[in-house]
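In the two complexes below, subunit A is the common chain; its partner is subunit B in one and subunit C in the other.
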Partner chain A sequence: MNIKISALMLGVMYLGVPFFLGDNDYLIGLVASALIIAGVAVAWALLGNLGGMVSFGHAAFFGVGAYTSAVLTMDYGVPVFVALVVGGVGASLSSIFMMPALRLRGPYFALAILAYAEIFKILATEATGLTGGAGGLLSIPSLPVFAGVDFGTKLGGYIVILNIVTLMLITYYFIRRSSYGLALKAMHDSELATRIVGVPATYLKVVMLLVSAFMTGAVGAFNAHYINFLEPDYAFSGTWTVFPIVAAIFGGYRTLSGPVLGALFIYLVDQLVFKNLIPQGHQLILGVMLAGMIILSPSGLLPVITNLFTRKKADNKRGEAQHA
Partner chain B sequence: MLKVENLSVNFGGVRALQDVSFEVQTHEVLGLVGPNGAGKTTSFNVLSGTVRPTAGSVTYEGHDILKSSMHQRVTFGIGRTFQIPQPMHELSVRENLIVAQRFGRPDGKVKQERIDEILESVNLLHKAEADAATELALTERKALEVAKALATEPTLLMLDEVLAGLETTSKKLFMQTLKNIREKYSLSMIVIEHDIETIMNMCDRVVVFNFGKVIADGDPEETFRNPEVVRSYTGEVPA
Partner chain C sequence: MKYLLETEKLSAGYGAMEVFWDLSLTFEAGRTTTIVGPNGAGKSTFLKTLMGLIEPRAGDIRFKGQSYVKEPTWNRINDGLVMIPEGRLLFSDLSVEENLIMGAYPKKTRKSMEKNRDHVFQLFPRLKERRNQEAGTLSGGEAQMLAIGRGLMEEPEICLVDEPSLGLSPVMTNEIFSIFRELKEDKMTIVLVEQNTNQALKIADHVYLMQAGKVTLSEPREAVDLQRLEDLYFARTA
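Showing the complex of A and B:
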């Protein structure tokens, strides 16, 4: 059921959204922004669901990916699409500095990662020659025209970030269904049980951290070329950690597409409804919504929808059986 | 096969193991007995790699296992169970064994026939698709502990109070299952057990612990007549 909902959601995103919203730059831009959060939310959920690591430091990967890609395209003329991938690699490399934190568990790991994120923000501010310092980088190259399609438009950007998120979901899906995925899933609540049968838990955590950092870095790199501007307080902002966490938990971080659903729902409702109702402090309502979701359905929105479908299907079958 | 020499473990000021030495021969079943807190489970924890010793050496089939990770020790052929069963949460019984085979076997190959055979041997085949953490009774959870260890294809199986908490009939059936497994897979075993009848029934030799020290090592019947061993349990010397 989960995979069917994921396929349905992607179908709507690929066909429905461009068809109905393609001409409206404001709305398509909002959906693209929601997908940027969705991308980070998927990467965060991958680390949390497979391996049981709760990170408060994904802003570091987002920022490193963004700056890597921006500097490569501006100073070295690297093509933008290549730079997006290298941005992911840069974020993965930055995560190597965080490896010692993998020895920690629970809140200690989360706080250590948060500290690393702050360190990266300070480094980006101080490395003026490379990053432009607190003043930031202006005129970062836009997404290019490729195969006759201008990806520098709002709709083009939307297609690119949708493809990035789809690739992330496919990667997540295949990791999860592999024997590595089984072991990682089990490590979430029973690490000792996996270690004692030979699972190299630390090695698998390292791999997951590298993958999650790569994904987040690639999304950060995309964002740099989408908005054409970067400065440390923005690129390493806690928003890139908090919003994806809220989205992932709201949508169902232990499901495949729950984080995407959560990001779309949370961001779009916030921007289109709550922001109009309460221009200052509208994020407060998100906090209330998240608390409500955790109380009513701790596993998130997607499991609620899945249960509704399953129950309806069961009711239909029961009805057919009674008629027969 | 397994040689433990002068093993010591300190937890802060507590000396959990002091100069402990014992050996296990191929196809032998060794019982570790002694009062609670004597150091039996700590010995298992050192052998399996969950506790780092303060001093001493442990060799298994020529490997200096204290220099090896938990993962490597499993691939050397050392399997263990826990007194409180540790199923892998969110996985079915079969998936628990798939993970154990995939990561515990040196070649990393998953063989479904082998998994079925193991589940059959511990009377758990009918629960193969059940959720390991929520749908098993105590006896079945204990059986899963043994099955997971077997899936790694061990040559030495360490059983930590695997019969504890079971009622008499289940205990007898489980003991027979363990004997069958030993024969079928030609295993050496180390068994921690409080029940003297079980020890007499299963073990070729016993090592008795008290206050972190080995106080006796030998034939089960003779050892349980040793005055020092009796004193360690009762505080009295037999007449």
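Showing the complex of A and C:
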């Protein structure tokens, strides 16, 4: 069921959105921004759901990925698509510094990683030679023309971020299905018990952190080339942590496509509806919506949709049985 | 190599507290060794130290003649040193079958997972009936069966069993011990920690009595006099 919904969602994103919104730069840009949030939300949910680690520090990976890619393309002439991947690698490397925090659990891990994120923001502000400091980096190269397609346009960028998010979902799916996925699920139950059956628990957590950081970094790098501008307060902003968390929890962070659906819903409703109603402080409503969702359906939006489908099916079957 | 597993002057503890000192025990291949003793004697801590879940303060652990003190737990398990822990420690949110699959996590056991699983189901038909049920919903006896089954999935050469009768009815305890008797007949090497001295002695080849971090008796089963053992156990004699 989950897979069917993911496939349906991706189908709409690949065919429906370009077809209906393709010539509206404003709207396609909004959906692309929502996908950037979605990308971070998937990476966050991967760590939170499979790894069992709630992170308040994903802004750090986002920022490091963005700066790595921007500096490499501007100062060293690295092709943009290569730099996106290296941006992810840079974020993974930065996560190595956070690994001592893996010894902590639950809220302590979350807070420690929040502190690490702040350190990276300060580093980016102070290392003026490399990052341009608080003044930021201007005219970061756009996505290039590749195989005859100009990815520098709003629509082109949309296709690229959609591909990135799709790849992330596929990776997530395969990790969850593998023996590591089961071991990670078992780890939530009892970490001691996993050690008794020979699971190297700490090592698995390290891998999950590296993967999640890589994904977030690559999305951050994409964002830098999409908006062509970076400054530390923006690239390391708490928004890149908070928005994805809200989206993932709203959509259902224990599901595969929940974080993506959540991000699309939250971001688009916020930008298209609430922003017009309350130009200042419209994010307030998001808080209310999240609280409402947690009360009504603690496991998020996706299970509600899934239930709707299955109930309909069950009703149909019952109907058929009565007719027969 | 005379012994499959042996310890030499092994000591371990938690924080400032020393739990056992200078333990030199030997375990022969194909035989069942029982460690009995009252609460707090250090029996469970000793098993955990053998598995590498607790780091020893001093001394050596040798498995098949190779020093094990520095090996991480998962290597020991992959070599065939397997523990069936006290209180089962199952994965209560996973199904019965998934619990067994987790037992086949060590690399060398993954290929034969299905064969081993069928063997476990043959040994415990009740687990087969409940294969898709969450482990958290099992009764105490079934949970212990699953813990044993999960241990067998790890393809043990030596099985460290910690208090398998804990919290079980006498009938269930008998059933669990009949399983160990079967394993013993299959030439499995078993180290059994038990408080149920009576049952434990019935299947033992060698008996250790542990009290307050020390071994106070080490005798082959035939030489053990239950009356004398219980006198020692309850410290009725000096």
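One rule holds for everything that comes next: the second predicted complex is superposed on the first by the 323 of 324 C-alpha atoms of A that agree within 3 Å, B and C clash if a C-alpha of one lies under 4 Å from a C-alpha of the other, contacts with A are read in each partner's own complex, and residues count from 1 in each chain.
One rule holds for everything that comes next: a residue touches a chain if its C-beta (ideal position, glycine included) is under 8 Å from a C-beta of that chain, and two chains touch if they have at least 3 such contacts.
All figures in this text were calculated on a predicted structure; none of them were measured in a lab.
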Determine, for the superposed arrangement built on subunit A, whether subunit B and subunit C clash or fit.
clash
Is A:K275 touching the first partner subunit B, the second partner subunit C, both, or neither of them?
neither
After lining up the shared chain so the two structures overlap, which partner does A:R176 touch, if you call subunit B first and subunit C second: first, second, both or neither?
neither
Just subunit B (first), just subunit C (second), both, or neither: which does A:A186 touch?
both
Determine where on subunit A the residues touched by subunit B overlap those touched by subunit C, and list them.
179, 182-183, 185-186, 188-190, 192-200
Which residues of subunit A touch subunit B in their complex?
179, 182-183, 185-186, 188-190, 192-200
Of all residues in subunit B, those that touch subunit A in their complex
48, 50, 69-71, 74-75, 79-80, 82, 86-91, 95-96, 98-100, 102-105, 110, 133, 148-149, 151-152
In their shared complex, subunit C is touched by residues of subunit A numbered 179, 182-183, 185-186, 188-190, 192-200
Parts of subunit C lying in touch with subunit A, wherever the complex brings them together:
51, 53, 72-74, 77-78, 83, 85, 89-94, 98, 101-103, 105-106, 110, 150, 154
